[in-house]
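The chains carry the letters A, B, C and D, assigned in the order they are written, with residues numbered from 1 in each.
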Amino acid sequence: MTAYGSQSAIIQMYRVAKRYGAKSALTDISLDIADNEFLFLSGPSGAGKTTLLKLLYLGETASEGQIIVDGLNLSRISRKRVPFLRRKFGIIFQDYKLIPTKNVYDNIALVVEAVGVERRSIKKMVNSLLRTVQMEDRSRAFPPSLSGGEQQRVAVARAIAGNPKIIVADEPTGSLDADSARVIMGLLKLYHRRGATVIIATHDTALIRQTGGRVILLNDGYLEVSTVIPKLRP
Amino acid sequence: MIYFTQKVLKDLKGNLFLNAVTVASTALSVLIFSAFALFFVNVGALANRWVEDARIMVYLNPDAEAETIARLGEAIKSIPDVRGLEFVPREAALQRFRAQLGSQGSLLDGIAENPLPDAYEVLVKVRSWSWDRIGPVAGKIGAMDGVDEVEYGQEWMGRFVNILNLLRLTLYGMGGLFFMGTVFFVANTIRLVLYSRREEIEIMRLVGASENFIKYPIYAQSLFLGMIGGILGLGILFQLYRLLEANVANTMSSSFFEIRFLPVEIAAAVFSGSLLVGWLGCYISLRKFLRS
Amino acid sequence: MIYFTQKVLKDLKGNLFLNAVTVASTALSVLIFSAFALFFVNVGALANRWVEDARIMVYLNPDAEAETIARLGEAIKSIPDVRGLEFVPREAALQRFRAQLGSQGSLLDGIAENPLPDAYEVLVKVRSWSWDRIGPVAGKIGAMDGVDEVEYGQEWMGRFVNILNLLRLTLYGMGGLFFMGTVFFVANTIRLVLYSRREEIEIMRLVGASENFIKYPIYAQSLFLGMIGGILGLGILFQLYRLLEANVANTMSSSFFEIRFLPVEIAAAVFSGSLLVGWLGCYISLRKFLRS
Amino acid sequence: MTAYGSQSAIIQMYRVAKRYGAKSALTDISLDIADNEFLFLSGPSGAGKTTLLKLLYLGETASEGQIIVDGLNLSRISRKRVPFLRRKFGIIFQDYKLIPTKNVYDNIALVVEAVGVERRSIKKMVNSLLRTVQMEDRSRAFPPSLSGGEQQRVAVARAIAGNPKIIVADEPTGSLDADSARVIMGLLKLYHRRGATVIIATHDTALIRQTGGRVILLNDGYLEVSTVIPKLRP
């Protein structure tokens, strides 16, 4: 258990392990994440960052240990309730996971609709989201015709569309130039101020220094360090 | 509702090639299956028309009295499977026989006395698939008072009916095969459509869409495809039928053999079948998909 | 070669679901098509056995001399479509007639003098689809010296043959449909397999693989799938046939109607067809794919 | 024309433009790339970096202008010769483009086989390549089960497998931690020393400073700057 105390923790992991066949992706991870925390997950390629995030929204199930997310015990949750769990999250996937056969607008509208927003307000909402990530002029384009950075920005817009309690961002600025990256980080900060818990997986130490926050360092599946890095004065 | 239809149409447009294949598969399956049904209906009708002509000749004892004959008539009429009977006096029988002999009718000119007995001609409620029933009826009549002999073309009719039944057996078997084939093909094409959408479905699930939110549009799409396929298949069959009919009318001299289109109930059943197949294909595939 | 086979098998394993669907589709198509062929072959054989029995009765002039009769026999024999003839003296004819009348044979007891003429019974080379040929032959014979009358059951045989021909027409039509259906389904399934591999193909092209390097394994795979499908389909049909045969042997009293399996040539044709369809489906789809 | 003189240029672009429908992705690009040059292509998200690279290997065809690659005029090349052109290139795609249904080993072996290497030496070659990018222990894994960085490393191994004349790398270290990135950059440097022309599209200015080289800066489809940046002394 960390110093954060479990009463205010929105996510609690206790002795969690994840194995893929013989391959151990995560080993003995115990970690509390406080409500409204701004957390970085760092570590070299293949350390287990993406795997850890997947466990939280049941993209994968843990091989061992307990995970509790916003009061839901993930090892006990029924199949029917999984969508309910996932709607607590806004996820920016490392490979974006945009639907290639639907245009940018529909990719986002789908999430907005799925979380149950009234049909009348969908259009306004989607357009405002696209404006936020500076993609409103590409709203009719299909994902395969977007540049890497453009896809990533659409993925960000989709993640925040449902106004989620927890934002999970896997390498959210990997394909972005410094300016666009700053816009995205500003956006995540904004949602953080509005009350969301934000978890960012990245190997980009410059990015971490730019905003500061607690950093969890993974290495080869082990939790190596949990430390707070201050914001770098520019 | 309008909104929903729009969504379905949008989905269809998004994957035009696969959807076109699904519709074409369904249409072709429906076409083949209903062509088969059409063939079957017509052969069946033809066979029944022939078999309905079957009748039992009941030759009476030469020394039976009028009263016995009348009583016998009543008794025959009361047999459940009998649908009619007619008394054929011996003179009429000779007349008929002469007519049947045709050009060799002159043979009978030399005959001194009419050797034929009086007879009853009995019509039996029998269809090609229940030909076996005629035997017991004939047996019952044969055992009655005043009956000399019973005849109903056992041999050639029996042979004909046997062949018809074998034909029917084969056709049933093939019909079953076709039906299975249709279901299999259509279900699989829909499955392939889903397969091509699995990325999309997976993503929808990851972003928290409920199972129903994912399923309903897919069901709607499948049913829609099934519907279009069914309409197309039946439509094409109808056109083919009209073509064939026109041809037959030209080449066949006798109007005795007229062909008919599928009765409404069967057409409706085939159509519902195509919807059902669309639904079923979707159901099976979705179960497999959503489980994983 | 071994290396190549290994590669094909690896490819197959990589996409097991789609390949299983392709094999199943091909097998089912082959099954349906060859079931149809089997049915057709047997009905055709049956029809021919019946029609082959057809014969022309040539009644001779009562006052024709022995020499004329003999010359007539030679003349008939020399008609191309005639495959045999037999002289039936009037006494034999009466005998036959009595036998045909059966229980009513007693009718003929009262006859003073045999009114039947001498006759020739002529067998004609005719099959169910060439029934029309019998008319001209009969006409030719009818015009010969010493012939009184010619008879060949024009009416009922004609009607029977007409129906058979309609049946054949329908069956041809359906056969065509099935064949189209088979090609369509199999080609499309292969197309869907390619469709599911389009990402792979696209990547291979981007890294500089030549068209042939991409194509050959796909052709090999398609042919292999077609082969397995063909073998499976014919195998299942054979099993079904054996089942049916056993059943028929049990239920049908007369051995007159025996069913046969597909002749080797047709089975081979169906099998080559399944290979061809695999190849064709591949060819069409690849052309579409590689162009873009 | 640039200062590099066309006689030693392996790639020449003259007034090239690329439009997607109404959208202009590249406008009036003239650029010579010398044989054995080490070149960076930089610019913000959507500037046209990926598009420019695609034009070189005929991943797209130019809407306007002339491109000559190693003596081949791309507007005149026949369909049959396109594979021949592409085999001059080793391409690291921004989205990796690994074949998801083939394992890591086969993904690379395929390229090695396609360029016509003898069957006996394939195995040794592929394994040595995997060792180079530190992925030999994952050679039987399928791409979807790899982490982002692992996929990128496989993509790098595949790109250099054919021993290409020109290496085109689109954001080759976007998903990699600093250490892995250094390994990959070292690899590209190595092939450069061996004679290959290397073109790297990236928005990561730190990466550029780390090795130094000529930088082409794109912005909204225009070529804005062509400048040489020296290697940063660490």
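As a convention for this text, a residue touches a chain if its C-beta (ideal position, glycine included) is under 8 Å from a C-beta of that chain, and two chains touch if they have at least 3 such contacts.
Note that the structure is predicted; figures quoted are calculated from it, not measured.
Trainee: So which chains count as neighbours of both subunit C and subunit D?
Mentor: Under the touch definition, subunit C and subunit D have no mutual neighbours whatsoever.
Trainee: Counting in whole Å, what is the centre-to-centre distance of subunit A and subunit D, each centre being its mean C-alpha position?
Mentor: 30
Trainee: Approximately how many whole Å separate the CA-defined centres of subunit B and subunit D?
Mentor: Taking the mean C-alpha position of each chain, the two centres sit 67 Å apart.
Trainee: Distance-wise, how many Å sit between the C-alpha centres of subunit B and subunit C, to the nearest whole number?
Mentor: 23
Trainee: Please report how many Å separate the Cα centroid of subunit A from that of subunit B, as a whole number.
Mentor: Here the centre of subunit B sits 62 Å away from the centre of subunit A.
Trainee: Using the touch rule from the top of the page, what residues of subunit D touch 2 or more other chains?
Mentor: Residue numbers touching two or more other chains: none in subunit D.
Trainee: Among the residues of subunit B, which are close enough to touch at least two other chains?
Mentor: none
Trainee: Should the pattern of chain-chain touching be classed as line, ring, star, complete or other?
Mentor: ring
Trainee: According to the definition already given, which pairs of chains are in contact?
Mentor: By the stated definition, chains touch in these pairs: A-B, A-D, B-C, C-D.
Trainee: For a test of understanding, state which residues of subunit A touch subunit B in their complex under the given definition.
Mentor: So the residues of subunit A touching subunit B come out as 57, 59, 80, 82-87, 89, 91, 93, 97-102, 110-111, 113-115, 119, 158, 162.
Trainee: Could you please specify the touching residues of subunit B with respect to subunit A in the complex?
Mentor: 3, 14-15, 197, 199-200, 203-211, 213
Trainee: Hey, which residues of subunit B end up touching subunit C in the complex?
Mentor: Interface residues on the subunit B side: 17-18, 21, 24-25, 28-29, 31-32, 35-36, 39, 43, 46, 97, 103-104, 106-113, 115-116, 149, 151, 159, 162-163, 166-167, 169-170, 173-174, 177-178, 180-181, 184-185, 188-189, 191-192, 195-196, 240, 244, 248, 252-254, 256-257.
Trainee: Which residues, counting only subunit D, touch subunit A once they are in their complex?
Mentor: 20, 43-46, 49-51, 94-95, 145, 147-150, 152-153, 170-171, 174-180, 203, 205-206
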